[in-house]
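So that we are looking at the same thing, I have put the structure below in structure tokens.
Naming follows writing order (A, B, C and D), and every chain is counted from residue 1.
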Amino acid sequence: MADFTELLKEKNVTYRPGGCGKIYTDPDADRARVYFRDQKPRKMVEKTTTVSEAVKNFVSDGDYIGIGGFGANRIPTAVLHEMVRQGKKSIGLSGHTATHDFQILVAGKCIDRCDIAYVVGLEARGLSKIARTAIESGEIDTTEWTNAALTWRYKAAAMGLSFMPVRCMLGTDTQKFSAAMEMECPFTGTRYLAVPALYPDVGIIHVHRSDVYGNCQIDGIMVADSDLARAAKRLIITTERLVPNRVIRREPTKTVIPYYLVDAVIEVPFGSYPGNMAYEYFSDEAHLRDWLKAENDPEDLAAFLQRHIYGVKDFNGYLDQIGGMSRLQELRYQENLVEK
Amino acid sequence: MADFTELLKEKNVTYRPGGCGKIYTDPDADRARVYFRDQKPRKMVEKTTTVSEAVKNFVSDGDYIGIGGFGANRIPTAVLHEMVRQGKKSIGLSGHTATHDFQILVAGKCIDRCDIAYVVGLEARGLSKIARTAIESGEIDTTEWTNAALTWRYKAAAMGLSFMPVRCMLGTDTQKFSAAMEMECPFTGTRYLAVPALYPDVGIIHVHRSDVYGNCQIDGIMVADSDLARAAKRLIITTERLVPNRVIRREPTKTVIPYYLVDAVIEVPFGSYPGNMAYEYFSDEAHLRDWLKAENDPEDLAAFLQRHIYGVKDFNGYLDQIGGMSRLQELRYQENLVEK
Amino acid sequence: MEYNDMELMICLASRYLEDDSIVVVGTGAPCAAAMLAQKLYSPRLMIMFEAGGIGPLLPSMPISVGDSRTFYRALAASSMPEIMETCQRGLVDYTFLGGAQIDQYGNINSTMIGEDYTAPRVRLPGSGGANDLGSLCWKTMMITPQDQRRFTEKIDFVTTPGYLTGPGAREKAGLPPGSGPYKVITNLCVIGFDDQSKRMKVESMHPGITKEKIIESTGFELLWSESVTVSDAPKEDELNILRNEVDPYRYIIGRG
Amino acid sequence: MEYNDMELMICLASRYLEDDSIVVVGTGAPCAAAMLAQKLYSPRLMIMFEAGGIGPLLPSMPISVGDSRTFYRALAASSMPEIMETCQRGLVDYTFLGGAQIDQYGNINSTMIGEDYTAPRVRLPGSGGANDLGSLCWKTMMITPQDQRRFTEKIDFVTTPGYLTGPGAREKAGLPPGSGPYKVITNLCVIGFDDQSKRMKVESMHPGITKEKIIESTGFELLWSESVTVSDAPKEDELNILRNEVDPYRYIIGRG
């Protein structure tokens, strides 16, 4: 019989700061428990509202937010535009591959701190000049992490813990400018970094289907949204479609976000535009290029933002500006590999 | 701006054994990595075989196993019967609500050690006399855990870690007879138990659908099988149905076990019988009662086992014994709430 | 209407489950109490099962906390880690446990009877998820018959934490502050826990039950609420729904 | 056949990806190399993307490692934790990274240029998943143009660990033993890592490239394999498939 019981012995160890970054959110699991007990909406009641109301009621200046999706894929664009329109300030952001979402909030000067893994680039599309400048100028305070570290920080919170041991970042400057702690395994002595649980004040996630209570389905990759939904103190859901509760109950295996995590639900068709929404529509690469180009000149950018965000009432107004259903249908063809 | 950076400071701490139980499996993540690198079947090739061959090739005397499903729900009965038929010995078991599965292996005298959370009871059906006696007599060595602790031990392994901090078991005799370590959070000082990662030698899981490579779908609750599949060094899959690879590729969101985790795939219709298989067939309560009753007398039990396990060639032979398709169809009606 | 002990306990327990709260239940009496509460008092009570079922429209009493009834037309069919992590995160209000022995602090034994762990006189089913739920949910309720053997000064094995050794002990052990035993519903009385001492305190006695009967059925000293009341007997509609809709085959109430 | 630097690097890189292995790739040249390998050398090469895509039948080059192409008719559409944990568990053989600076130990900078973290001269995209992949996958490959600015003695920021400060340093830092940089494929040569010193060692020079050219394009001292060969130039079938099937719109190879 194999036996590893000898690993069970007393050890004196030292926890050491592994980096000089900042911890922007409270990792304490007991305080999070009390918040969840007292504030999470246990009532399965209708939570549909408007984007404007949701941003007014659930996002405050100074809040720290986590955004669903990845890069320009399945992002909650309508909520981000509304945050810009309402002039939200001093927002903290969890930046695991935040690209166009980061760009929108930087354009609105909403952000003042960022747990940063990847935010100034738009992947293959190139870099956002305003995003880059906001960080180079020190306008946005940053602490370094990696995509996995941020994912696991969400997971620690989703599990109701205050930390998670991880094996990335070790030995690098990424570690040095993070806010991880050095520790070791109680059994094997293996060296780990402990990352602090990340409980954002607000999570914002765009999904394929939700009922009016907030029971949600997502098709395709989940990115980190299962954990983000559980880690967030408040949660705003935008959905391509509102569906009857019986649709959810028909396939309970597909429910990735149950209603008791959700504070607000808004139906926003094409809500990830100009981002990609799997099985629905591809990203609008031309529009994203226009945006990047506009950043080369402050006046161009101001005009661009006026036209697409400040000058429209809501997200449907934005969709009108970019070419309405004709353009959206082109993106749907592209997504579904339909030869026009 | 909220700031919790003060949590990032040096602390001297002591890790203390939290229990006097045994650690039956190696929690070392580096050794597991090397095993996975060198032994996991990266080739996407056909892996279909027979239950008998799979048990011969992938389960050795002395191995430590983890069984999918929960209680008498979605259990890999065919593989368990075959282990009994082949007379496997000195098997270690992870016992998070193992009920009829445990009962089968105890009847075959296969088990000599058990990480135990719940194994001698069959939930509402009552207790298994032979299971109880095997533990009371000391025939089976045990270390105490809870369902969550065992689940999280799998999760630690599935994440590639050697431990996981948990908040259960603390302060109880359950802790005292576990093999957990006492530790505290590097940030908040919160007390945790660290549980050692559980990498079983063999995982055995029954699923609804698999292709010949081992890409699997499960309908309904997952129990702990997503993590078990990832934690196990070898993995045997039995499936209600083999389906073409294109069925898997049609809905990739539904794949819960990808092929590279899988060593063997066997189509076993009604493979969870007499257990429940969600959406397929209900548990055979009469048969489970017969089994429990047979345990009252050693001769009755021997005859019962002879008739249902030792005396039949394979699982289809067992299904013939219990009434064949007529009985199975009754259980299907029951599952699907069809009034006959 | 006549009723047996099991019916009595289930009916009383059902009244404690507030609407719009979340409860993790096992099979048997707890599940019956939750189903009855849903049908009578708390239509939006959210029932979870530890193997993964969330908010099913239960067509009948489950046999196992992992059987397909536990996620029949459910809001979600999730997993054991999902449920346990939801508890650990502090989202679950109530859980219901049973056990072979219980002490004055609400510590429960469902593991073994005897002195020696390696050679128990009787091995019981074990913790399963009981320790997890009693550690991580906010309020733990128990449904149990009451007698000297079960309600004992020193239980043979602390499977699931109540208030452990008394005030502050849960917190000191590292268990989440603010969680712990809430009510014990027996065939004789309803028992709460004293805020200061964390010891069992009788709140109401069931109709026809005397203080003496309760004392002689208890292996330790009970505290008594200043205003011990008489428990409201099961009402006709409770019993009707329990017998006709919740447990028509008398799986559970047949044991009473 | 004529070819540009990007085509050269992609073709060479594709030859290192063994059949039946698992590779996590980003967009751009790495993805092109993996696609080319699948079509020519390693039909069962398993491509994963860090946002969750596993084994897609890529209809075209993805724009983002999270776009819907990355799980088109895939074997699984999973999640970022699933991919990262698969890497941490030791199941991923290869990954491909890029960066603005690299040193002799294969440490990569993709975070910033400058001296002061709080006021970088140039902020780069950052780690994203690069540090994770370079820490947790078994073999890290790099595709990068080679010049004095990029191949530098001291990089401004170690985003992703190579062999850090040399032999044993990864293990000492706690990184999984046996992992680390494997090949660097540049527009001038193919570079491996010396077993003893963990320093870059030139293995083959591309056709027409001299040792002097390589030395003057490198900001640190390179080791040289005892038998430096001439790299096999891109073959006609490689170029044809790369141009016609992998990247018909010249998104990537147009940059070469």
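Just so we're on the same page, a residue touches a chain if its C-beta (ideal position, glycine included) is under 8 Å from a C-beta of that chain, and two chains touch if they have at least 3 such contacts.
These figures come from a predicted structure and were not determined experimentally.
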Review point. In terms of CA centroid distance, which chain is the most far removed from chain C?
Key: D
Revision key, fill the gap. Taking each chain's centre as the mean of its CA atoms, chain A sits from chain D at a distance in Å of 28
Point to revise | Centre-to-centre distance between chain B and chain A (centres being mean Cα positions), rounded to whole Å | key: 35
**Study point:** Inter-chain centre distance, chain B versus chain D - centres from mean C-alpha coordinates, in Å
**Key:** 39
Review point. Got the chain A residues that touch at least 2 other chains?
Key: 29-30, 160-161, 167, 190, 192, 219-220, 252-253
Revision key, fill the gap. Expected list for chain D, residues touching two or more other chains, is 71, 77-78, 87-88, 136, 176
Practice item. Examine which chains touch each other and state the graph shape they make (line, ring, star, complete, other). Key: other
Practice item. Return all touching chain pairs. Key: A-B, A-C, A-D, B-C, B-D
Review point. If you look only at chain B, which of its residues touch chain A in the complex?
Key: 1-5, 7-17, 19, 21-30, 62, 64, 90, 92, 112-113, 141, 160-163, 165, 167, 179, 181, 183, 185-188, 190, 192, 194, 196, 218-220, 252-254
Review point. Along chain B, where are the residues that touch chain D in the complex?
Key: 29-30, 32-37, 40, 42-44, 157-161, 215, 230, 248-250, 252-253, 255, 258-260
Check your understanding: Along chain C, where are the residues that touch chain B in the complex?
Key -> 27-28, 50-53, 59, 63-68, 70-71, 77-81, 84, 87-88, 107, 111, 117-132, 135-136, 157-161, 164, 169-170, 172-176, 251
Review point. Taking the complex as given, what residues does chain D use to touch chain B?
Key: 20-22, 44, 46, 54-57, 71, 73-78, 85-91, 93, 136, 138, 176-178
Point to revise | Contact set on chain A toward chain D in their complex | key: 69-74, 96-97, 99, 116-121, 123-125, 127, 132, 135-136, 138, 144-149, 151-152, 155, 166-174, 177, 190-193, 219-227, 276-279, 282-283, 285, 335, 337
